[in-house]
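See the structures that follow.
Shared between the two complexes below is subunit A, which pairs with subunit B and subunit C, respectively.
Let's turn to the complex of A and B:
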């Protein structure tokens, strides 16, 4: 806890969310989404149809007993379970989040496994938790061998869902996966939540550091980060698609072909804060001011519509120049 | 978001709660060979069980209030089929009564595999979260042997040793979190023969414990719920008997904060295996919370770990 003005306290919540296009030609309906995310027969998929179609799988747990990455090089062993869940938005964008809450302190000896299983999604350190060092370690992404691998947990779930027989493995366009790693330190004494950092790194990695009141459940923080990751993925994907369409090039047909999947599959997905917990909703406003996610999205959408409108004009270019 | 105007029930599923007693006391868990041995065996069993039942009642009454205790009995109709309910159940109840014992609830073991059209055992198996040996960093799924569950790390397989060009040094299995020396256990959960899956006795007994602890749910609904069985005859076919019936109308609830089973000591290895299974099941978190809150409110908080809520009396017996 060395950073100046740092109000974060014990029990941080950390996670990694991976976002990708669902590998199938048509978007899934609500009932198909439910079937896709039914990771366990006996547990319901949470399904919401307003203001858009959004399905959340039950949490699956992975047991871990390993060191946590730390920025300071301190060795912190933690035991418990990492929770993972899959989320499908509008039957089109799939996300898998692995997340845990780190207890501020834990027993100096490993407990029977049943002790950890009644605390799903909680990792208990041996002794005290150097909160700042662990937060830095997780965000830095310089994981040493044998340290907790959150990415592997989310990737494994994503891969498992993508292998489902419901999917025809024929995505309507090419896109890349993005990864967003996040740490939420806790605020106390009624301090409002805040977003400290949102970093775009190369190779599709984003990192987010938050301050969130203690009473906000880890799943709600994961929900906010899924929302941020979803919209960041949409922006990233749409930017690439527009780039690839080469607007202004001579081949109008190619531009239409390249941009059409955006209209069919992406443009209706933009809906920041659709399900973000009320208390966390103001964090979006920060990103809307700087860098202005929605502003960039609208500009791109307008650009796509203009391109398509241009191509729809029946007059051939030759006719215009011949006059 | 609890004060929201707009709600979608499918987005916020509820988990139904079940009524709970203080103790679920199992008076026996008998197999068909026990019944085959005749009424004398049953009489002997109940006579041996009786003092321990009194002891359990006395110890549960420790906190001053009158404890809610329900009794149950499990009949194996899963591994072998013998006789019929019409023949056996009245005999069983009469012998219990002769020893001053009342069986409040009667269950069929096959109900722990499938009940009311729900594949309970399969659903519970999908909730297993294997304990991680030290060094598990999440990068690999647990080293599962399909259909088996251990309380630690197994001895590396012989196939692996062959691959290492004749290196056959043996390394011991290792109980995770052992107290210095390992008591390693590897539990068979099921086998598949002739295209049919048969769940093992310890696995079904673990499901039975979860039911008695009020922790079994299927999509939020309790499963293996007792059905009232008004005085009257019993069917001639085991399948015609509901998986769990309530014989005494005024009995305390079937499920309870804690369980106690009075069993002959030959069940000890089975019940050790049950603990191995129970300690690696992730139960429905809402059901878990309901039990924890209510027991705490009554001043009889439950132990954290599920396996620690089950207790046993092993008597030297047949």
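Let's turn to the complex of A and C:
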């Protein structure tokens, strides 16, 4: 199934990842994480404990036969399977990714399902694929009825996992889900991977467009985007938590209560590139320069520690009341 | 925490009072979300003064979601989209205030297994995000009430705290009807037990809210002739006794909201502006709403009775 010649450059990988706090009071242990993510009996959960606890479910496939969203309004029908997987980091943050590789061209008529089943996670268009239009469509904010909705596939997986009996539904703090839509176009021989755009929209939607060499497997691209989404979620969540703690307000006790979950559950999760394929890890450096993920994270962490330190110092009454 | 707002009859001020509670909690810094499960007549958007959704939205609301036609229901950020002059200026330190509207032509519908699963997923998801989730249910023993009871009985929901507010007006018929809605043969408690709820726990999670209560001691009635005043007091006392006999007495009441023209006629949020600047609403009403809002999560007001 390796594409040859120029057609290989036209086979984008597209996906959407949703990230949320696992709805449980305590982080899950490795064995519980394994049980949670056992989505299929015939395949194992991939578990790794260094440098952090990371569990990846087997891929589950969803058969689709529908139009791909396009930026140009062109109608592109595609058939095949979308792969989806759930990932749990440190037993605390849950992600679900739905992704596929689009073949550059496909047969003009529908094949028996066996044809598509031996190509897991691949969608074949009827005829040629307008790569740019499809990339724009996937990254766009809205979906028309009848178009492929990767978000719905990842959402379905995420909610199915969140319904699991292992979870007590008593999370230590309230938080919002984020969505990251991504498209990776393939680069020609020898070109280095790059990030073309990374945007944040108000309602928790992020979009990323990448260029990656064609020898990199779709799952590795998905892994990079999960890493980006995880750290973007951490930042978003911590910013909101600091904001809600209302530092500077008169009630020091409330500030401590509001910030404590960050110390208990979030601060140790920051580990960019922990799971990113070597060839893709330079992409992180770009984001570290601009907008500077780790810089913002460090500032927040320092702010939290300063707040907690301030509250720990028993000040004379006057100093606390003088405002 | 989930708060289900129910009432036996219409016109109890259930929607407008619940919306006011949601607003008060958001002002205090909680992230709050309000679900319009009033399947017969979704009107919550009017209370929040959100244009374009006044009688429910065209499509993509809660009905469409529960029927599986969209993967997520529409959300309206009230602070950003309201046309209410005061609400548009979101105060610093306030929490999010989000409305999930119903569909205009939704209507009541029987709840199948899939709709129920979607309802559970939605409630779990909102509970993960919001400090307070207010669910406004259609009046009477409706499908909406059934769905709420069924959803909260599911194993996945056992860790989620859920409370019930049952609104009624302060009249004989309303007290009887509200008590019937909770304790009757086909009431909330009986319906909950049928679905696997523990009777004591469920009872402990239900409180009455008395709405549009005239206070005989209020200055409003200070000018009435003595016989009328005595008669009002007697009626009030009789109602108290009736409520106590029907197990809707003092210990089961979370609070009362006074008779308030702004709630009755304008059916909108009561802002501090209404009370302090334009003075169209009474201070007592604001106070009552604030107390009710605080008692929603106050441990002393809840627990088995």
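Here is the rule we use: the second predicted complex is superposed on the first by the 307 of 323 C-alpha atoms of A that agree within 3 Å, B and C clash if a C-alpha of one lies under 4 Å from a C-alpha of the other, contacts with A are read in each partner's own complex, and residues count from 1 in each chain.
We adopt the following convention: a contact is a pair of C-beta atoms (placed from the backbone, for glycine too) under 8 Å apart; a residue touches a chain by one contact, two chains touch by 3 or more.
Nothing here was measured: the structure is a model prediction, and the numbers come from that model.
In the superposition on chain A, contact is made by A:21 with subunit C only, not with subunit B. Within the superposed three-chain model, A:170 lies in touch with subunit C and out of touch with subunit B [touch as defined at top].
Once the two structures are overlaid, the count of subunit A residues touched is higher for B than for its counterpart among subunit B and subunit C.
Contacts of A:152 after superposition on the shared chain: both subunit B and subunit C are touched. Of the two partner chains, subunit C is the only one that A:244 touches; subunit B does not reach it. In the superposition on chain A, A:162 makes contact with subunit C only, while subunit B stays out of contact range. Taken together, the two structures place residues 149, 152, 156 of subunit A in contact with subunit B in one case and with subunit C in the other. The touching residues of subunit A, when paired with subunit B in their complex, are 40-44, 46-50, 54, 61-67, 79, 81-82, 98, 110-115, 117-118, 120, 146-150, 152-153, 156, 277-278.
Put simply, subunit C touches subunit A in their complex at residues 29, 31, 71-72, 75, 93, 95, 120-121, 124-125, 127-131, 155-160.
Here subunit B touches subunit A in the complex through residues 1, 6, 8, 10-13, 118-119, 122-124, 126-127, 129-142, 176-177, 217-220, 278-285, 288, 304-308, going by the rule given at the top.
The touching residues of subunit A, when paired with subunit C in their complex, are 20-21, 23, 149, 151-152, 155-156, 159, 162-165, 167-171, 174-177, 203, 244, 246, 249.
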